[in-house]
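Look at the two complexes coming up: chain A is in both, with chain B in one and chain C in the other.
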Partner chain A sequence: MRSEYERRGGWSWITQVISGLLLIVLVGLHMIAQHFIVEGGLRTYQDVLAYVSDPVIFTLEILFLVVVTYHALLGVRSVLFDLGLSEAQERRVTQILVVIGLLTIGYGVWLSLYLIGQA
Partner chain B sequence: MSWQITYKIKRYHPDQGSRVDTFQVEIEPERTVLDGIELIWAKQDRTLVFRHACHHASCGSCGLVVNGVEVLPCIKLIQDATTDGGTLEVEPLRNFPVVADLVVDMAPFFERMQLIGMPIVGPTGPLPGQEPDEYTAFENCIECGLCLSACPVVATDSKYLGPAALAAAERVIEVSEGRLSDEVLAAVDNEHGLWRCHAAFECSEVCPSNVDPAGRIMALRRRMTFERLRRLVGAKG
Partner chain C sequence: MSSTEEYLEESKTYPGHKVRRPGSQVSRWFAPWKRGLGTWGFVLNRVAGLGLVLYLFLHLAVLSLLTRGQEGWDAFITLAKSPLFLLLDVVLLAGILGHGLNGLRVALIGTGLLVRWHRPLFIAVAVIAVLGLVAGALLFFSA
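After this line comes the complex of A and B, so read on.
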């Protein structure tokens, strides 16, 4: 359609859509695994330890954590940008949200690995 | 049979600030909101400033916010806007600088159109393979600015290109592949361009000419998304 020009933005929207679609699948799997196939609807502490120790479950739950964090914080970013921030403020908001996201994911991964160590 | 209507009109004068004036108007329900404003101007207050020309939704100059919704008062019937004994709260368009009373400076609208090259697209009718029922065209745009007024993103991002300009860009691409220059595409494919839209669809809701700007923005987004993905995998196109 054309030659070259500077593209700005866009990937955030595209990845928001993709992560939204992934969430439908991952939330579904999470709900089924956590609640619908468990006798009584809730696991005991020991059951949870065994559950997260399964490499497939661990991978799926971490993927869920990453996707939901990315999707949620991107939504928060979009809402905050609607406040009419300056470009410098927008950059700062993005930086802060990236840090929050990394801390959230880091804590989730650490907690899961800690629980696996307790199994 | 006439109805008794209360007009609450937002007034503004650079030297006097803003206020709301109330006028009682006796008017037939089949007449328009603009007719009522003209009656007020003719019989009650000759200082009321408002803009109009054609009286039939062709010039796009009379756009207002009536009871919170963007309308062309020249085609908005009294009976469709309120009831007998009801009130019409009349304000100037949002997201535009107010010049006086109900008149706004349309420069933000035309500056955005200028940014994408003020494309003049001749009437084409439905494109090949396009059903007449699906046919909506930017050529129908009367440049009334209602879409910019209703858009919640324009209200928060002054750099946002806005519905009309993006709809025009999509129509140019649709009618003639590749006519947009890199400069224009940079303005459209931009964080303040088509990606900024929150899909509130207010622009399409208030558009008096069935241009469907929101649908156009979504079409432009699909087009740009597929093109980016094609480029990502190295496909030529």
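After this line comes the complex of A and C, so read on.
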């Protein structure tokens, strides 16, 4: 049962699959780097600053943020569309979710850059 | 035009799309016993997915504590290592494993790769998820 994805030409389903596959890797890396290899399971403030200042880590975390936000909000869109919205309502939902997504990514990038500035 | 009529009108624009009344798809989530394993997977993916969306935004909100400097963050770290939080971490891991592995299963079947193997695939995914959850939980509480 693919519900909304299937009847909308499939672009959202395909990109959801691709972002989902990417997330399996990115969530795995995030969990291992942020929690499993860290003594006590969580980084202290100074450790967080040092961690996020590493260009490779910064790039991976921002990529993770973008992909997870896209995947999450596309999933919410699919659930909302299954409620049986009109075309106008669907367009409005998409617009609102795009704004939420951009704000979320903007916040994450700002927070990371702010922390790098504190290091 | 009522919302139902609008919906029915709209559905005509999608050739081959079966006309449904609004809400019927949602009510199906709560009656999975009428269907097979695939529907259980569908329900699991939606429920776990919505839970993970909620967690994502909570997580990002909590990270704002980092702007309060060392005191604000390290106080939270102490709290986050309490048994209750560790238990919530196990719930989170269950959500990630369930949604991630089940999503992988949906991708493999939806793209037509392993349609014939959908039942063993479901069982394999469930076994890996449970093993991963037990290993993760042991790691959380032993750290």
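The rule is short, and it goes like this: the second predicted complex is superposed on the first by the 110 of 119 C-alpha atoms of A that agree within 3 Å, B and C clash if a C-alpha of one lies under 4 Å from a C-alpha of the other, contacts with A are read in each partner's own complex, and residues count from 1 in each chain.
Definition applied: a residue touches a chain if its C-beta (ideal position, glycine included) is under 8 Å from a C-beta of that chain, and two chains touch if they have at least 3 such contacts.
Bear in mind that the values here come from a model prediction, so they are computed numbers and not experimental data.
By the touch criterion stated above, A:I37 is placed in contact with neither chain B nor chain C.
When the shared chain is aligned, no partner comes close enough to touch A:V56: not chain B, not chain C. Contact with chain C, but none with chain B, is seen for A:L23 once the two complexes are overlaid on the shared chain. Within the superposed three-chain model, A:G84 lies in touch with chain B and with chain C [touch as defined at top]. Of the two partners, chain B and chain C, it is C that touches more residues of chain A.
Within the superposed three-chain model, A:W13 lies in touch with chain B and with chain C [touch as defined at top].
Annotation: chain A residues 1-3, 7-8, 13, 82-84 touch chain B in one complex and chain C in the other.
Chain B contributes residues 152-153, 156-158, 173, 177-178, 180, 182-183, 185-186, 189-193, 195-196, 198, 221, 224-225, 227-228, 237 to its touches with chain A in the complex. Touching chain C in their complex are the following residues of chain A: 1-3, 7-8, 13, 17, 20-21, 23-24, 27, 31, 36, 39-46, 48, 68-69, 72-73, 75-76, 79, 82-87, 104, 107-108, 111, 114-115, 118. Residues of chain A touching chain B in their complex: 1-14, 78, 81-84. Per the touch definition, chain C reaches chain A in the complex via residues 3, 6-7, 10, 14, 17, 20-26, 38-39, 42, 46, 49-50, 52-53, 56-57, 60, 63-64, 66-67, 69-70, 73-74, 77, 80-81, 96, 100, 103-104, 106-107, 110-111, 139-140, 143.
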